[in-house]
Each structure stands twice: as C-alpha cells, then as structure tokens.
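Here's the structure we're looking at; comments come further down.
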Amino acid sequence: MSEIREIDIPVGATPQKISQMLENFEDVHGERMVVQMGPQHPATHGVLRVELETDGEMIMKATPHIGYLHRCFEKTCESMTWQQVVAYTDRLDYCSSANNNLGYVLACEKMFGIEVSERVQTIRVLVSELNRLASHFIAIGTYGLDIGAWTPFLYLIQEREHILDLFDRLCGGRLLLNYMRIGGLTHDLPDNWLKEVHEYLSYMEGKLDEVNSLLSYNKIFVERLANVAIISEDMCIKYGLTGPNLRGAGKKWDLRKNEPYCGYETYDFDIPVGDGEVGTIGDCWDRYIVRVKECEQSMRIIKQATERLEKMPGDDVLAAIPKSMTKVAPGEIYFRTEHPKGELGFYIVSNGKKFPWRLKCRAPSFSSLSVMSAVSPGLLIADMVALIGSIDIVLGEVDR
Amino acid sequence: MTWLDLLIAVACVAGVLGFISVVALVAIWTERKISAHIHDRLGPMETGGFHGWAQTIADMVKLLQKEDIIPDAADKPLFKLAPYIVLSATIASFVVLPFGAHLIGTDLNIGIYYLVAISSLEVAGILMAGWASNNKWALFGGMRSASQMISFEIPIGLSLLIPIMIVGSLSMQDLVGAQAGGFWNWGVFSHLPFAMIAFIVYFWASLAEVNRTPFDLPEGESELVAGFHVEYSGMRFAMFFLAEFANMFLVAGVAVALFLGGWHAPFSFLEISAESNVILHNLVGFFWFASKGMVLLFIQQWLRWTLPRLRVDQLMHVCWKIFLPFSFVNVLIVSLWIVLTQS
Amino acid sequence: MGLIEGRFEPNIIVTSTDAIFNWARSRSIWPLTFGLACCAIEMMATNASRFDLDRFGIFPRPTPRQSDCLLISGTVTAKMGERLVTLYEQMSEPRYVISMGSCANSGGPYCDHGYHVIKGVDQILPVDVYIPGCPPRPEALIDGFLKLRDLIMKETIAKPSA
Amino acid sequence: MTIPEIFNILQEKFPEAELVLEENNPDPIIRAKCEAIADISLLLRDDPDFSFDSLMCLSGVETVEEFQTVYHLYSMLHNHKVTLRAGGTKEEELIVPTVSHIWPTADWHERESFDLFGIKYTDHPDPRRILLPDDWVGYPLRKDYEPQKTWHKIPLTAIDYKEEDNGDES
C-alpha cells in the first residue's frame, strides 16, 4: 500500500514556488490526467485550447495552444494600402475596434508626420473611450458568466447595446466601426449625437454601483476570486502583461498618463489600481475590479470630451487625410497605445511604397496569455476558468 | 388481490407518473420564463401561442426523435442504464410523498426513511453516467456529483431528524398530520428556532442534492461543459433533464411535508373537512401541497439566476464545517428539549 | 432517425407525423454555444436581452451531443476546420449548419491573402443557411434562424418521390 | 538616457559585437551581431543605469537583403526606450540566441517569429510553431511564400465558380 502524501502549499507562495513544489511532488500512482479545455469550451472565450495535466481537480501543468483563429492579419496587411489596413485592425480585438483603429492611425500619423486638428483628436478620444466601456462591459459580464452568474452578463450586454446604438448612428457599424482614417475620420459626427452621448451618460449614472452590489461584492464571487492566481507586479512586467492586468497588480501605469497621446494629458481622470481589498494584491478579484473602476474613469473622460466638442467650432474632419498615399516616407516605427486589454503596439516598416512592407501588431492579449502556464500550477479547474477570465483575452488578437 | 385493488394501484402509478411529467414540463417552462424575466427579456414567446406555453412540449418531442448516440468508447450497458436509474430513483421517491389526505402512493410506516434511501440511489446513476461516458469532463462531473451528494446527505438526514423526533414517527402522513390547524402549528415553527434552523439547512443542502446553483458544480457549464451528461443526446438526455426537475419538486415536496404543513392550509378555515366531502378535501389538500411546492421551486430558480457558483473545496467547506456542526448541535438541543419536556 | 425515414409512401399518417416532427424540430433549435470570432460577439448580443433568441425557443447548449444546429460564427481556419468537422460529427441527427458572416461564407476579407483561412465553410461541412454580413446584425441572425425554420418545415420522413 | 548614449556605452562594453547605430529612422536603432544579442540584453536589463525591464515587442522582419529580429525595449524605471536589431543574409538560416530567459514574454514572441519567418532561436525552451499547426510547410510571412493548397485534406483555396460554370456548359 503506497503512502499517500499531501503537499502543504504555504499561504502566499509565489506561483513559481508552487510549480517547483509540484514538480518535486511525485504522484503516488504516477498517473496524471490530460484534459483538453477547448477549443470548444464555454470558458475559453473563443477558440483557445488549454492542455491541462491534472491530478484530480488540481492542475499540475497547463499549456495553452493558440492559433485556432490565425487569420493572417500581418500577411494580408502587406497587400493592402495604408488606409485599407484600418478595416483589418477592426478585427484584431473585435470587442474594442475603435481602440485598434486609434493605435494604427496614430502610429501611421507619427511616422508620416501628419498633424490632425484638435477636434478630430477629441472625437477619437470620445469614440475610443466609449468603445473601452463596451469592451470592459463584455469583460466584466463574461467573467460573471465564467463564475456561474448569468444575470449580470445579460444586464451588462444590455447596457452595452446602448453604446452600440450610438456607434450605429455614428458610422453604421455596431461592432466593427472602421471609423478612423490616417489623418482624420471617415465623416463628421451626426446631428444631435453628442446629446445622445450625454443622455447615455446620465442613464448610466449609478449603474456601476448596481454591478458592484450584484456581482463585485457578492460573497460567493469574492470567495471564488480572492487570493486566486496571484500575478505579482514583477511577473506582469516580465511576462509583458499590461493594462488592467498590470494595474491589478498594483502598478500605477497607464499609457494615457505616462506616454500621453491624442491629448489625453489634458483630461482629468485617475488610474485605478488593485489594492488587495479582499485578498492579495494581484489576485483575480483585483484584476476584475480594476476594470469596473476603469469604466467610471472612462465615463469621466467621455463627459469631458463631449463638453469640449460641444464648445468647439466645427471643422473638416477629412482635411488632414493625405490625398494620395502611393508614395510615403520610408522608415520604421513602434508606437503603442493604451487598449482596453493592455498595450497595443504597432511596429510598422515602410519602404516608401503604397503598401506597408511589414506590419507587426503587438497584441496585449498575446503577451497576457503567455503567463498562464507559469501561474496555473496548483490551481483547481474552477480557478483556471477564473484565471482565463481575469486576464481578459480576445482570441482574435492573440492569434491575429 | 381484487380487480379493484389492481385498478387503484394502476391509477396511483399513472397519477404519480402523470404528475411528475406535468410538474417537470411546467417547471422547465417556468424556469425559462422566470430566468427570462429576471434577465429583463421575455423567454419563449412563439411556440404554441400564449407565452410559448408549448415550448417544453416541442423540446421533448424533438429530443424524442433525435438520434441516440452511444459513443464508441463508452461502457455501453452502463451508459444505457444510467438515465433509467436516475429517473426511476426519482419516480420511486414520489411514492411516499403525501399530496393529500388520501393522495399518497403508499403510506409506509418508514416513509421518510424509504425516501432518503431511494433518492440517494440517484447518485449511483449519475456516477455511472459520468464514468461510462468515457469523457473526462463527464468523469469530473460524476465525481463532483458523487462527492457532493454523499456529503450533503448527512446534513439533510440530520435536519430531517428534527421533525421526526418532534412527531415521533417515520410515516409521512403522521408527520403531516401533526402539523394540522393553522400555520403556527407547522413543523418549521415548532421548538423555535431549532426547527427553523433545520429547515434552512435542509433547504440549502437540498439545493446541493439536486445540483442547483450555487451548488451546480456537477454540470457547471463554464467549467465542465455540461458535466456528467456531456455525452448524452436525445431521449437519454431528456431523462436526465426530467429527473432534474422532478427532483427539484421532490426535495421541495419533502420540505413542504415535513416543515411547511404538508397538504394543510395555512388557516384551518380554508380546508374542507374529510367528513363533509372526501374528494374535495383531498383536492384542496393537493392544491395547498402543490402550491407550497411551487413556491419553493420558484425560490430555487430565483437563486439559480442570482448567485454565482461555489468552488469544489468551498462546497465541501460549507457542508462539513458549517452545515454539519449546526445540524449536530441542533439535533442535540432538540433531543434534550424533548427529553426534558417529556420527563 | 433512420428507422422510419424514407420507408413509407406519403400518406395521411406519414404527413401528420411530419407535421408534428417538423413543428417540434423547428420550434426548438438548440445551437451549440460556440463562438469563433467577431460574429460570436454578435451571437452573444442576439442571445442577450434585447434580441432574445429564447423567444423562438432557441436555447444554446454547451455540448454538441445535445445541440441541433452548428452556428459557425466567424472565420474558420485550417487548424479549426479539423475540430469543426469533429464537432459536426459529434452532433446527433437531425442537425443543421448555419454559416454566419462573410468569413464563414467565403473567407470574407481574408479570402485573398489568408493562407490559413478556409474560404467558405461549405467546403468542409454541408451548410443549410448562409447569413451575409461582417458581422451580420442580430436581426440578420434571427432572420437566418427563421429561414432555417422554414427549411425544416419542408422536411419529410416519406420516401422521396422518384 | 538617449539612444546614442546607450550606444556609446554598449560599444565600450561589447567591442566585438559589431554595433552600428542606424540613424536614418525617426527613432535610431542599434544594430548588433546575432551572437551578441543575449549578452547585450542581459546587460541592458540588469545594469541599473539601463534597467530595461520590459520587452515591449519582438518582431521578425524580412528586408530585401536579409532577415532580422527587432527588439523594442523599455525601462519602466527610467522611462527610456531602445530598439535593437539583429540580422543575417537570406542565403543562410538566421540563428539568434534566445532572450526568453531574460524576458519571459520573449518566449512566445520568438516562437511566433520562428513560426512566420523561420528565424531560429538557440536555447529556446519550447521551439515549436505557435500559431500554425506543427506540420505546416513554409514560413508564411516571407515574401516568397507560396500558400498551401490543402492541409490535412482541408481545401485552403477559394472555389473558382467561373471555371466550374464553364465546365458545365462544355
């Protein structure tokens, strides 16, 4: 009869420590079960496949396999004109297309030295913050769904629908906007649109408190997430986790403040960080609550942007769009912006021709996902679901 | 045995079976409607006209004629057997449920004992399903289900002991009969607050027993895809589905019979005495029993759409470290009370 | 099915059975909870409160065994194509396939240069309904389901007339 | 610290790394010999004056003459950036030492650039393809890449309806 041993995992042990302990721990029967989570699995947020090696319900090793949605974005862009690429950036992270557009057009504008008017910048800020809101609503909602709470998901999707209505009026698209152009926008704001944004803001007042009372501070929800899958600040930087994940680990880091673009330095907003309110800094709950708090800040920015636009005299949003982009300046640039999922970087190489020579998208989710195999040893399967949800990945962006 | 006895027996079986199917069909429909209204939407609206009343019927007819797939690598006999065991365990438990003064399959003198014993057969069926499917998610679901149901049997059993001790009988009709004459006589209000605690423990533990949120781990959609019935299709899946909803009513019915006055009305003037009209007496009793059961069913569904799901270790924590000590102390105090007051 | 399908001449019993079966099948289309790409977000939105597919009895199931309809919501890549066929094979008859969005219909924007994208899911699966759009609006998805419903209503278990 | 300053220090410390400062770009780029990349990276991360703790991006590039790996580094502490580049001619396989032990995020980025460009990384802990299936032929982001027609019997080309129509008529 073999002796049954137990591993004592000390409270607050680092993931590396746990994984080391598990390596040293030999399974009594030498049997581990390999379970494939995905690509068709409700909790993987798309077509991610995670190969889990489990002992009972405890995960010994998790290997993410990606590429099930590899749509050849980078190759396609090499055959598209500079302006046409904007439509493809929409489909990177399909939950927040305006933010993708913004990252790409800003990179191109910086490279080709195009200056846009203040009004265009403000409209861009407004639209991308609205989209950040929509993206965070999906992140929060589906996270609730992962933990087993259905209702908050549907409520948040409902609030998101109102934003989509605004987009619908703005550019005809609900999900994929394709609204920005290198040097400007596709067209000006529709009549009364700013008034509708105002109406939406007043409608949203207090809704986030409802989310907090229904979900964030629900006892079961907190119990499920507190002290689970802790990713420390150091680890975040090493693995390239950015955005809400890094802020959830307690680092006050936001490109909108630290490397301002698009006039973000003139807006008044805070950077929410995780503070270990219910558990340890950098646990799943912290990463989650940072998103909720960011929604509030986004609404503040939207409010300021709308007020500015109302006062601003109208101008031609197409004025700075280059008439022809068949001959451009050669060179290369790496430009990054704050995307709802983290830092979205575009590395663009131009050889002076009509098409980009090379376009690499540094997708935030791609880097975030790479931390998974380092964090997961020692988690239960249910925690794994919580981990995947808390780093908020979108597979369109991971696989590109 | 005369022809009449046989006829009555057949009628009983038909009645119970009919009741179970009707309850399950209605419960599935109400579940969808209630969830929809909680979610700020409408739920089934098209099928059959009025608020999609025929939705469950359409679902069942469709499931009935779906292809029945038995995975090649599955343990075929067990795979085929599992849904029958689950469903028959549920149906067999209904035999001792007192729907009215005379509306009971059979009033065994060990009725509640029989019920607890038979209803835990279900775990065998679920474990069988999880094992025989030869699917790892199903196995996880089966194991979770087995551990959860077996653990929660203990606080359930201890909580059921309280009314049994107070009444001093294991027969369901005796247990119900002791609660006659207005709601203040109901089991839940006797020996305050101990019977009340027992009722609360029983209700929560029974949620785990029937795999409802926050204890729906065996089929937790976001974790285990569909849990133990992940490989089941068509009618076999429908059986699990039916059994689940019938079970929900079963645990609600036990709670009603033991704690909420069974088929007695909340006020005695709402009842019709058995002397004046036996049939009417039974029908009114049935009405009260069913409506109390439905209220509990509604609470179960309400919780389902409000709460998130617990984790495995937390579930066990709730069972062994909270429910179990409470029930033990509860049993101790109530038995002391009974001993002291009787002596 | 299989046992009774295609065995009898069309007669009153067969046609009545048809009517019941088709009614049930078309009123209870359970799609697989399975999102591939951008269209999956619109699919989620359609399932959610405002559009509420549940009104038509459409109720997503997480496992292929219990679902009737494979809703291909997004770009199908070579790597995914293999799994998709497996998923389709795991579904029980009668089963239907809805191809949602340009990518699934024809490769869409990735048709010309997408070396890893399957240009049209109909090359690997039999598709019943195509929904155009990139991504289709929820109304279009609902329309797709209603088209599928019409399609199911025309089915019969009778022997096909020569 | 500006990039020329970083360049000067690096040139002192690594005289054999064939360091070149490419100044024809909006942002100057430091070019180094492939073999020296790992050592330079380690210094850049660990030296308190540099402390480049985050690797923003690692990308493979194909120019007309050569394959390259480009590293975009950033220091959260000092708030400065630098871009490194390592390259080799197309005639021979480009082999670069891995930096995944220095910045773990490089792990997946290196796998990706191997997957799409065929750039090899020595001592990489997990040198597999990442986005494409393991048995995929060719490196798609190379300019001379010919797409596969089928993979595992799955057709990867669009149906040419014109041809089919013509076939029916004749």
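Here the chain labels run A, B, C and D in written order, and each chain numbers its own residues starting at 1.
Convention: a residue touches a chain if its C-beta (ideal position, glycine included) is under 8 Å from a C-beta of that chain, and two chains touch if they have at least 3 such contacts.
This is a predicted model, so every value here is computed, not measured.
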Item to check | Pair exhibiting more inter-chain C-beta contacts, A-B or A-C | outcome: A-C
Checklist entry - What chain lies closest to the overall centre, CA atoms only? => result A
Item to check | For chain A paired with chain B, centre-to-centre distance based on mean C-alpha positions, whole Å | outcome: 44
Checklist outcome for this item: Rounded to the nearest Å, the gap between Cα centres of chain A and chain C is 31
Next on the checklist: Averaging over Cα atoms per chain, report the distance between chain B and chain C in Å.
Outcome noted: 36
Checklist entry - Measuring from the mean C-alpha position of chain C to the mean C-alpha position of chain D, what distance in angstrom results? => result 41
Checklist outcome for this item: Among chain C residues, those touching two or more other chains are 33, 48-50, 62, 79, 115-117
Checklist entry - In chain B, which residues are in touch with two or more of the other chains? => result 39-41, 221, 225
Item to check | chain D residues counted as touching two or more neighbouring chains | outcome: 131-133, 140, 145
Checklist entry - Which chains touch, pair by pair? => result A-B, A-C, A-D, B-C, C-D
Checklist entry - Can you name the residues of chain D that touch chain A in the complex? => result 24-27, 29, 53-57, 59, 61-63, 70, 72, 76, 79, 83, 103-105, 107-109, 112, 116, 129-133, 140-141, 145
Checklist entry - Quick one: in the complex, what on chain B touches chain A? => result 35, 38-41, 136-137, 140, 213-214, 216-217, 220-225, 305-314
Checklist entry - Where on chain C is chain A touching in the complex? => result 32-38, 40-42, 44-45, 48-50, 62, 64, 74-75, 77, 79-80, 83, 87, 103, 109-110, 112-117, 134-135, 137
Checklist entry - Can you name the residues of chain D that touch chain C in the complex? => result 131-133, 140, 145, 147-148, 151-152, 154-159
Checklist entry - Which residues of chain A touch chain D in the complex? => result 66-67, 70, 72, 74-75, 110-111, 237-240, 251, 253, 258, 331-334, 336, 343, 345, 347, 349, 357-358, 360, 362, 366-367, 369-371, 374, 399-400
